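Presented below are the structures under discussion, each in the form of structure tokens.
Same chain, two partners: chain A is paired with chain B first, then with chain C.
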Partner chain A sequence: MKAASPPFRSFLRSAGSVFLKDWRSELRTRYAVSALLMFVVTTIAIILFSLGSEGASPDALSGMLWVVVFFAAMSGLSRTFVMEEERGTTLTLQLLASPGAVFFGKLLFNLVLVTGLNAVTVLLYGAVIEGFVIRTMSIFVVTVILGSMGFAAAATVIAAIIARANTKGTLYPVLSFPIVLPLLLSVIEATKKASDGAFFAEAAGEFQLLISYIVVVVVASSMLFEFIWKD
Partner chain B sequence: MVLKILLGVLLTAVIIFGLGLPMSPHPQAWYELPVIPGLGEKARIIFFHVPTAWLSVVAFLTSMVYAIAYLRKRDLSYDIRSSAAAGLGFMFCILATLTGAVWAKFNWGSYWNWDPRETSIFVLLLIYGAYFSLRSAVETEEKRAALSSAYAIIAAVTVPFFIFIMPRIMTGLHPGAKGDPEGAGPVVEFKMSPNMRIIFFSSLVAFTLLFYWMFTLRVRTAQVEAHNHQRG
Partner chain C sequence: MSGRVHLAGEGLRKEYDRRPVFGNVSFSASAGETLLITGRNGSGKTTLVKIICGVLTPGGGTLSLTTNPHDPSRDRRGLIGLVSPYLQMFDEFSAVENLAIAMGIRGLPFDPRAADALLERVAIFPRRHDQVRTYSSGMKQRVKYAFALIHTPPVLVLDEPMTNLDVEGIAIVRTIMAEQRRHGILVVATNDLSDIDTYERRVDLDEGR
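Entry: the complex of A and B
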């Protein structure tokens, strides 16, 4: 195995330290976590108010869950890169770490962030919204995990583009939507199956799609990241 | 020059024959087009709608190829080509959407119903829109070229997933889609008579030539603009 060779180990170490740097700075400010939590609470409250006493069909509710997830991700995941530009630390990071290490460090941070966020969103959504029932838990859990990975993969590279373009927030959902649409459609489809009580094997097609989507996006963006990151 | 004359002849012929030839249920003479069940006279739009949709995809691929070339060579002339192709692709994409919507209104009864083909052309429109809003947001030329190239490639990589996703979510109404009672597959193969095919493929060739001509024109004007800009 080549995995233990020194260049790879040093790559892992620097990717790990990029992650740790972001992790510590997040723990210090707790900006992303608190802002995102409030965002999720607000959005779910809006859904509750707009539904009022009328229930919506389980299919519509499983779609709406991913609307919350999409916009929450769009409001928080660009932060890792935008923050570097705001603090003016991009240049330092360019000098200290290889583009690949920066990319995978940030990807890992976004993955942790979005997985935690989705876990909270799903629990809150399931607890508060009455008509939303999951009959096949295994499909749902796998969908949320794969969905989080896909969101992190697509959102990280778009965040890098956004941060370099100095446009901050507005363009982020615009650029991300066509890219995450295949992911969004498959997770919504899988969630509908989970709420219909389908067998695990029936969602296998969606899972294959999600896994190949994640692989393709991560590979493509790790190849392109160098061109985005370096001037 | 030869190209332009050929293009003029081809497009005129396509318009005259495509719109003018009579349709009959049992074509006898060479000039009679067969009636496709369920489509009738409305089938004539195929000579114009399909080439525009084809060009919006061709332009997207052209744009992506030049985007890759730009990232490899860092030569701004590739970026000019990439954005010129994307601009034309955007235009043809809008044309395909509009002609498709008009046809859908008369064949399916509504302008828009999220058929798989409609959804995919909508996604293509979104990508083009996002591409140009990204370009307009960046001031520096090199940065704009690098970022928009990267975005074009990322978008191109995710587009093929729709081919696998769409059939799972809905059955299509579009001729040649999975739910079509006449059978699935390209419409050209099983629904067209030889004379229709000749008109169809000449139209495809003519539109592709038109695209090529417009593309070279746009690239040349953009290069002159960039040149003037540099000299102040």
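Entry: the complex of A and C
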């Protein structure tokens, strides 16, 4: 097998170091994790109290799960760039790393964060929401994994854009919604199929769409990121 | 250091929202030379510094930074070290951790002994494991010098180099500047013209206004 070329190895090392910096910073400050967990717990509690003993259809419960994930992700994933901007370390990163290394380092961090968030959300939601039953676990697991990747990809580039704006808090969900709408529709549909007990092959269309979405967003973001990041 | 280094700008200009900051700025400097950037407040010293460091794109003109022999392991970011009041450290980390992060993100190996020697030089060594957020503004300025020098850049860019420094800090910085003059290019943006005779090259951004 051919070894990676020195510039590529340096790029990987650089992107990995951006991820490690953010990871260690998060372990020390609990900045994003605290906000995300509080959001998930509060939202699920509100859904639980609203439904009471009446319950809801499995389709509606599948949709609500992803509403929780969407708003939780939107409240926490922007921190990766907003924090750099607020602390004035954007320039420091610009001096140290290529835009590509920053983008992929931050993308990896958001991917780890949103995967952990989704795991906690799904477990909590499944445990407390009566009537939310998954009959085809394989469809659901693949949906959560691909959904996490899609959210991380979209959230990273949107966070980079809004970090420079004055109205960061409100702009993020507004800008995100049209971009993640195809992702949301696909994961909700796939979750419904998992809930209905469909065969794995029946969700192939949703999975193809999710994979295409992830590829398009990552490729387009990595090409555009330099222009967002530099000036 | 990476052999001979040459920095040149030709006809540089920059606008913000179509408001010109400066226009037609040219300069050149080689290893062993010092470039002084002067101009009144708002004349664009910091903007020019950021263009030299590659974090801002000029509105026009060309900027080149070349080394001979060419070192493929270093891109422009690896050739420049910057110290400025607006540069911030990752303050939830210690001084040593900041240097390790800087080297990691640059894609270069980190040598703890070199980092310790550098922190000793800027007189931060006894508190090198404390979080940067607990430092005074003068101590943070000293850490910035270690941060800018840890990858031994052939070009050292200083924007208002003495900001927040005490007498001891100023003496340390003067030594660093003298050393950089011997090995590479020193670029200084300041309004303090007390040492103007020691600079070989000068860009006055007030000229032609």
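The rule is simple: the second predicted complex is superposed on the first by the 227 of 231 C-alpha atoms of A that agree within 3 Å, B and C clash if a C-alpha of one lies under 4 Å from a C-alpha of the other, contacts with A are read in each partner's own complex, and residues count from 1 in each chain.
The working rule: a residue touches a chain if its C-beta (ideal position, glycine included) is under 8 Å from a C-beta of that chain, and two chains touch if they have at least 3 such contacts.
Quick caveat, the model's predicted, so the values are computed rather than measured.
Trainee: May I ask you to decide whether A:L185 touches chain B, chain C, both, or neither, giving the answer as first, second, both or neither?
Mentor: In the superposed model, A:L185 contacts chain B only, not chain C.
Trainee: If you stack the two complexes on chain A, which partner ends up touching A:F11: first (chain B), second (chain C), both, or neither?
Mentor: second
Trainee: So, A:S25: does it touch chain B (first), chain C (second), both, or neither?
Mentor: second
Trainee: Scan A:L95 for contacts with chain B and chain C and give back first, second, both or neither.
Mentor: second
Trainee: In the overlay, answer first, second, both or neither for which of chain B and chain C A:V174 touches.
Mentor: The first partner, chain B, only.
Trainee: If we overlay the two complexes on their shared chain A, which of chain B and chain C does A:L209 touch? Say first, second, both or neither.
Mentor: First partner only.
Trainee: When the two structures are overlaid on chain A, which partner does A:R164 contact: first (chain B), second (chain C), both, or neither?
Mentor: first
Trainee: Kindly classify A:A56 by the partners it touches after superposition: chain B alone (first), chain C alone (second), both, or neither?
Mentor: Once the two structures are laid over each other on A, A:A56 reaches no partner at all.
Trainee: If I apply the document's touch criterion, which positions on chain A are contacted by chain B in one structure and by chain C in the other?
Mentor: Shared contact residues on chain A: 231.
Trainee: Give the list of chain A residues in touch with chain C in this complex.
Mentor: 6-7, 9-11, 13-14, 16-18, 20-21, 24-25, 28-29, 87-89, 91-98, 101, 230-231
Trainee: Quick one: which bits of chain C touch chain A in the complex? Just the residue numbers, please.
Mentor: Those in contact with chain A are residues 50, 53, 55-57, 72-73, 75, 77, 80, 82, 86-93, 101-102, 104-108.
Trainee: For the complex, give me every residue of chain A touching chain B.
Mentor: Touching chain B: residues 154, 157-158, 161, 164-167, 171, 174-175, 177-179, 181-182, 185-186, 189, 205-206, 209, 212-213, 216-217, 220-221, 224, 227-228, 231 of chain A.
Trainee: For a test of understanding, state which residues of chain B touch chain A in their complex under the given definition.
Mentor: It is residues 71, 123, 126-127, 129-130, 133-134, 137-138, 142-143, 146-147, 149-151, 153-155, 157-158, 161-162, 164-165, 168-169 of chain B that touch chain A.
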